[in-house]
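Two complexes are shown next, each including chain A; its partner changes from chain B in the first to chain C in the second.
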Partner chain A sequence: MGLIQEIDYGTKASNATKLVSLRIDGQTITVPEGTSVMRAATELGTQIPKLCATDMLDSYGSCRLCLVEIEGRAGTPASCTTPVAEGMVVHTQNAKLAKLRKGVMELYISDHPLDCLTCSANSNCELQDMAGAVGLREVRYGYDGANHLDAVKDVSNPYFQFDPSKCIVCSRCVRACEEVQGTFALTIDGSGFSSKVSPGISEAFFDSECVSCGACVQACPTATLMEKTVIEMGQPEHSAVTTCAYCGVGCTFKAEMRGEDVVRMVPYKDGKANHGHSCVKGRFAWGYATHRDRITTPMIRAKITDPWREVSWEEAIAYTASEFKRIQAKYGRDSIGGITSSRCTNEETYLVQKLVRAGFGNNNVDTCARVCHSPTGYGLSKTFGTSAGTQDFDSVDEADTILVIGANPTDGHPVFASRMKRRLREGAKLIVVDPRRTDLVHSPHVNADYHLALKPGTNVAIVNALSHVIISEGLADEDFIRNQCDWNEYAEWAAFILQPHNSPEAVAKLSGVPADIICGAARLYATARNGAIYYGLGVTEHSQGTSTVLAIANLAMLTGNIGRKGVGVNPLRGQNNVQGSCDMGSFPHEFPGYRHVSNDTARQIFEQDWGVALSAEPGLRIPNMLDAAMDGSFLGLYIQGEDIAQSDPDTQHIIGGLSAMECVVVQDLFLNETANYAHVFLPGCSFLEKDGTFTNAERRIQRVRKVMSPKNGYGDWEITLLLAKAMGMDMHYNHPSEIMDEIARTTNSFQNVSYDLLERLGSVQWPCNELAPEGTPTMHIGAFVRGKGQFVIADYIPTDEKTGPRFPLLLTTGRILSQYNVGAQTRRTDNAKWHEEDLLEIHPHDAEVRGVKDGDWVKLVSRAGETSLRAKLTDRVAPGVVYTTFHHPITQANVITTDYSDWATNCPEYKVTAVQVALSNGPSEWQSSYMAHSAESRRIGAIAAE
Partner chain B sequence: MDSNFKTELVEAIILAHQNLEGPLLPILHSIQEEFGLISEDAMRLVASKLNITRAEVYGVVSFYHDYRQKPAGRHVLKLCRAEACQSMGSEENAARLLARLGLDWGETTPDGRLTVEPIYCLGLCACAPSAMLDGEIHARLDAAGLEALALEAL
Partner chain C sequence: MSPKNTSDKLVYMANQIGKAFVLKPREQAVADITDHLKKFWEKRMLVQIFAYLEQGGQGLDELPKQSLQNLRNTTQY
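Right, the complex of A and B next:
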């Protein structure tokens, strides 16, 4: 296994269809029109020397190394900026070119340190390679002239350093920041000899506008911008292609290794979701895998007030199995269950639901998608016939109007946001529906055409009002509706939409969005050639989450924005594998492939394959499990990789339920908050330590590859197998690929998926079966999966969570770029430097009347509970709305959130809580007692440690 | 914040030019004309109002020598150092003047009256050596002529 070397073609591929033939150094090649001479030569295997060119960026033509001669043309043009032409005859090597190139290299090297042997880029330096390629043997100018060798390093970024003494000012970093990431944080300071790369106004990287995505580091041809891990460890010696385990974008990375140690994660250009780009989390925040807090030995305890006792795997598994059997014997078959993890692989999720259904003998399995995108699954399945987004990410390149609802992609899905921002810079229009002024509403080079700053909880009304305007102004796509939807259903729905309470004027009153803004946005979306909708948890995490998804689907059908590139309804899914965990049958009512457990045909398939009778009764959802625990009928829970005590709403209710159980098993990397209430801790392993697949938000199934041995001894799938065996189940697989084979065998949308296919294609988007042997990038082309698209009436019903004199403000929650969800991983990396604590964003007016100043401790109180955190005054939130993140356990943001939830799926209403804010002098009583309990329950017994 | 910086004034300047195609350069010119320099605060404000980054504004300000980040003297004398003027003795004349004033290139006299800067070609090669004082051009400057010109400013 060697280091994967990706070919750098120097310039981007042309997607022209017309082909052009030319001769390069005597060889003929045919390439699409618009291809550069440099790229055509590289495709022939001819390396033209280059420094400022790289195929992630537009050609620039500044380094003057890639000069070539073209017969019949004057001079020596740069091959990176010269497009091919029919019949062109190119010479890339001759004496004249050699002399020119050597002369250029002499100038570069006359102002570059000659410390190659001790340089961090040694053996992986394009400047070094080019010096070799042009045969540089001397520098006639000497090294004593004016130079930049004393320039001072900037080590402010925790992950990479900037050493300007090694910089050749090729501007690749500046261009990468602009073109790839879209942040524009870098510039060239000065001109001529004094030119130097500068973040912001000559600032340190850490203080600048830099978001630490790593694009500049990747683009740098020298050691000027270099990962600190490479500086410490040296260059990697082998690598494997794998999939990031943070968000639902699913970026492909090369894990570059020295032995079993990760040296760096480098985004892979062939990754279909990210095309060689990354964000600060996937690129740099992987150090948690070897963090000292990681638990690698199983532990058990009889009571949650006891200290933990370290035990062998055999003892931990045997204890768990005997407890589960005891509980079932005493309280019945339905008294235990499991929770699958959207952070784990498809194969692992599949095994947990199989363990529950076939081993426990009930359907008490649920997943964290319950608390995020369950309304998406339900809503899109009902209207379109599939529980997933309709497009691939590439589709955004062809979108003309982008409608973003309740999503903050620049923080939550940064790599996709970069792609969206690039499309916006190309001229696409943007509508943002969000109570908060996110970066997509207004930030450098991004300015939404419409911002519908609605009152939290009024999504359904707004989306229906958009439809109202479209129908009443005759902007509906009647042909599409007649051909692909049921006209009678449409007519019924349209009559409902046209009712006065859905008019923009009526909705303006309750949402706070002016009617003319609603009308303008509706027209912009409806009249776009391609209108694409992207939405996030701001849609789903409401008591009307499912209604909004239905309303969104209606809006897309109404305008015919389904079934081709550039359009669609695209949920931006939170977790790396939340799509996959849903696909794999993690819900209590559904087998893999979204088939109801009462569906006899589906049940028979699994009964036959698994050799056991299965229950046709849907099992318990997470909130029901906790309720049942309080009632004394549900007492054992196997939780794989989820921290419900921190991530689920109404913490006190969760804790009450967990505390009432007799055997809570937590399988995780760290002693998370839920583990404080657990009796068994099974150490889990990270995505770097196991094989498997993740499915991202575009239904793309991608390989996760093991690059180090599990620190805990077993992959998570193996732990589930151990437990299944101890429970008496006959379940055996030698490798996760065999689990995928079983999934393919039992689930039609995965029929053709295999590790061999993934090896061959890199990734594949389900449905992947006899109708689409290599997967389906765009769904519902020509017809909906369910046959006719279904318009479902989704009326706006205000949430029961209302503001009043006691709780006059609305709290909504969200995320920040550098942290991921409950922060179990990112808090254990240097990402914490960007976000040390959760803050309460409050509008200056609301702050002023409460006497709150920026940075003050404030008490945040709701009907459910209270917590304290510090205030940040900002007009990003409207008066009447406050906002916080939930990345830190001390914040206890979910002590505040209520147990209101979506009517169809129980997805909790995280996004709307009526609260009051008042000055406080520190953590609340609950926070203090919680932290004390947390410290107490994390004790690991001294005896076992001896 | 520099003492002269006035947010309202900078905002007014930005507003006056914001609708131009490519408003950045005219805005920077106006700011410099008003304040004699383009401060970091001004750059931040311009960036935020034009919805571009600080880096982009700074890249432009630092690229053009005529944009000042530090205040100049009351008078600015720009001496041409390009080839034609060099061949007519400009370097020697300049060295003598700088020595007399006790300045290096780009520096300002302690009383703040005069800044001497290099410039590379005023397009007056036929009547070299040439210079520009406060935007007005002067040609055929021998050592005495240059000194006289400088003294005029002092």
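Right, the complex of A and C next:
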């Protein structure tokens, strides 16, 4: 296995359909109109020397190395900026061109260190390659003139360094920051000889607006911007294509290796979700896989107050099986269950639900999607017929108005945010519905046309008001509704929407959004040629999460924005495999492929394949499992890759439930917060150590490839198999591909999916079956999956979590770019340098009346509990609203959140908690005692003989 | 304050479901609530709320109460 080398065509591909034929160095080639001469030549296999050109960026034409001669045209134009023309005759190589290029290279090299042998880019340097390509043998100008060789390195960024002595000022880094990432953190400062790349206004990289996406490092043709791991370890020698294990974008990366050590993760240009881009997490924050906190030996303990005892895999598995069997014998078949993880592969989640249904003999399986996107599954299934988003990410390129509701993609889904921002820079309109002024509302070259800064908890009212304006003003797409939806249901729903309480004037009073803003946003969305909706957890994590999803689906159908590119309803999934874990039957009421367990036909498929009778009754959801634990009827739990003690709401209730159980099994990389209440710890493995697939937010199934041996000895799928065998199940697979084969034969939407197909196509979007052999990028074309689209009445019902004199502020929670979910991975990387602690964002007015200054410790109190953290004063939040993240266990933000939840799915209401804020001296008593307990719970040692 | 003991939670959840269907014609609303409870509530949750119903079902709104009565009559718990 060697290093995967991607061809750099120098300029982007043209999407034109008209073809043009030309001759290059005597060979004829036909390419789409608009293709550059450089790209056409590369497609022929002719490499024209270049330095400032790369196919991730727009043509620039500054390095003057890619000059060519074109018959009938004067001069030597740059091939990167010259489009092909019919009948054009191009010469890429002759004595004149060679002399010009050599002269250019002489100038570059005259101000470049001649340290190739000790340079970190040695053997992977475009400048070095070009010197070779032009036959540079001497530099007539010498090296003694004015130069930049003593320029000082900037090593402030934890992941890469900037060595200006090696910079050729090609501007690729600056252009990558602008065109690919859209942050505009870099510039060329000065002019002429004094030109230099500068983050911000001559700031250090770490102190600048740079978001460390790595696009500049990737674009750099020299060692000027270089990963520190390459500087330390040397150039990689082999690579494999795999999928990022962070957010739901599902970026494809090349894991570039030396032996079994990762040297760097490089975004893969052929990745259909990311097209060669990345963020700071996927690109750089993979060091957790080898972090010293990683546990690689199984451990057990009889009581959660005991220290852990390291044991063999055999003993750990036998102990677990024996405990689960004992509990079932004593308390009944339904007394145990399992939780699957959106951080694990499809194959792994499939096996856990199979173990529960076929091995435990019940349907007590749930997944972390319970606390994020379960309302999406319910809402989109009800209205459209499929529990998934309607588009691919590329669709945003054709959107004319983008409506972002309750999502903060620049932090949560940064690579997709860059795509969206590019489309916005091209002129698409933007509406943001969010209590906070997120980066999308106002950032370089992006300004929302409307920001509906609503009071938390009023989503349904706002979305219904948008529909009210659209119907009232005759902007509904009646042709679409008549053709593709049930007209009678529409008429009933429209009559409801037109009621006065849904008018913008009425909704303005309860949401705080002025009526004219609601009207303007409604008109902008309804009159767009293509209107696309993107939403996140700010929609789902409410007591009316499902109702908002229904209202959003209604809005899209009302305007005919379904069933083609550029439109749609797009849930931005939080974790990498939320979509997949739901697809794989992780919910207690449905089998893989979203078929209810009471569906006889579906149940028989699995009964025949698995050879056991299956329960036709829904099992317990996570919060119900904990309630049942407190009531004494649910005593054993197998948790693969989740940390419910940190991520789920009302921490004290979670702890109470876990503490009441007799055998909690945690399978994870680290002793997470849930493991404090566990009796068995089964060490898991990272995405780098196993084969499998993830399914991203656009339903795209992509391969995860093993690039190193599991540090713990087993892939997570193998651990589940060991447990299944010990429980007496006959479950055997030689490789995860065989699990996918089983998924395909039992689940119609995956019917055609196989590892061979993924190898051939790179990825596919389900449904992938006899009707769509290579997948389905856009759903509901011509007709909805359920037949007619269903308008569902979703009335606004205020949450019961009310503000009042004791708790006058509303807390909403979210995430930050550098950290991921509970932070178990990112806190164990240098990403922590950007976010060392959770902070409470509070409006300066609210802070002033409480005597709170920026950086002060404050006590945050709700009806559920209290915690302390530092305050950050900002007008990003409106007066009356405070905001924090939940990445650090010391903060325990979920001590504050209540156990109010969505009416249909029990998805917790993280986004609305009534709180009070007051000055504090430091961590609360509860935090101090929790951390002491946490340290106590993590003790590893032998138990004294009794 | 969100409800803390399981019975109170179940009553609260049932009422929440009821409110989501309250704008439908009564018969349809009861049928939809019943269907929802049947599809998503685990057996011991139903057993517990049926027992609560036996004691009068205090606090249950009219629609979910009727739905639970219908469901109890058609299940074997």
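Criterion: the second predicted complex is superposed on the first by the 941 of 946 C-alpha atoms of A that agree within 3 Å, B and C clash if a C-alpha of one lies under 4 Å from a C-alpha of the other, contacts with A are read in each partner's own complex, and residues count from 1 in each chain.
Simple rule for what comes next: a contact is a pair of C-beta atoms (placed from the backbone, for glycine too) under 8 Å apart; a residue touches a chain by one contact, two chains touch by 3 or more.
If you're wondering where the values come from, they're calculated on a predicted model, not measured in any experiment.
Within the superposed three-chain model, A:H589 lies in touch with chain C and out of touch with chain B [touch as defined at top]. Within the superposed three-chain model, A:N624 lies in touch with chain C and out of touch with chain B [touch as defined at top].
When the two complexes are overlaid on their common chain A, residue A:W903 makes contact with chain C while staying clear of chain B. With both structures placed on the common chain, the touch criterion links A:F184 to chain B but leaves chain C unconnected. When the shared chain is aligned, chain C comes close enough to touch A:S598, but chain B does not. Within the superposed three-chain model, A:I719 lies out of touch with both chain B and chain C [touch as defined at top].
Chain A is touched at more residues by one of its partners, and among chain B and chain C that partner is C. When both complexes are overlaid on chain A, the residue A:P199 reaches chain B alone and has no touch with chain C. Residues of chain A that touch chain B in their complex: 183-191, 198-203, 208-209, 442-447.
The residues of chain A lying in touch with chain C in their complex are 334, 364, 496, 543, 546-547, 588-589, 596, 598, 617-621, 624, 627-628, 630-631, 633, 650, 793-795, 797, 800-801, 863-864, 898-900, 903-906. Partner chain A is touched in their complex by these residues of chain C: 1-2, 6, 9, 13, 16-17, 19-20, 22-24, 36, 38-45. Remark: chain B residues 40, 43-44, 47, 51-59, 62-65 touch chain A in the complex.
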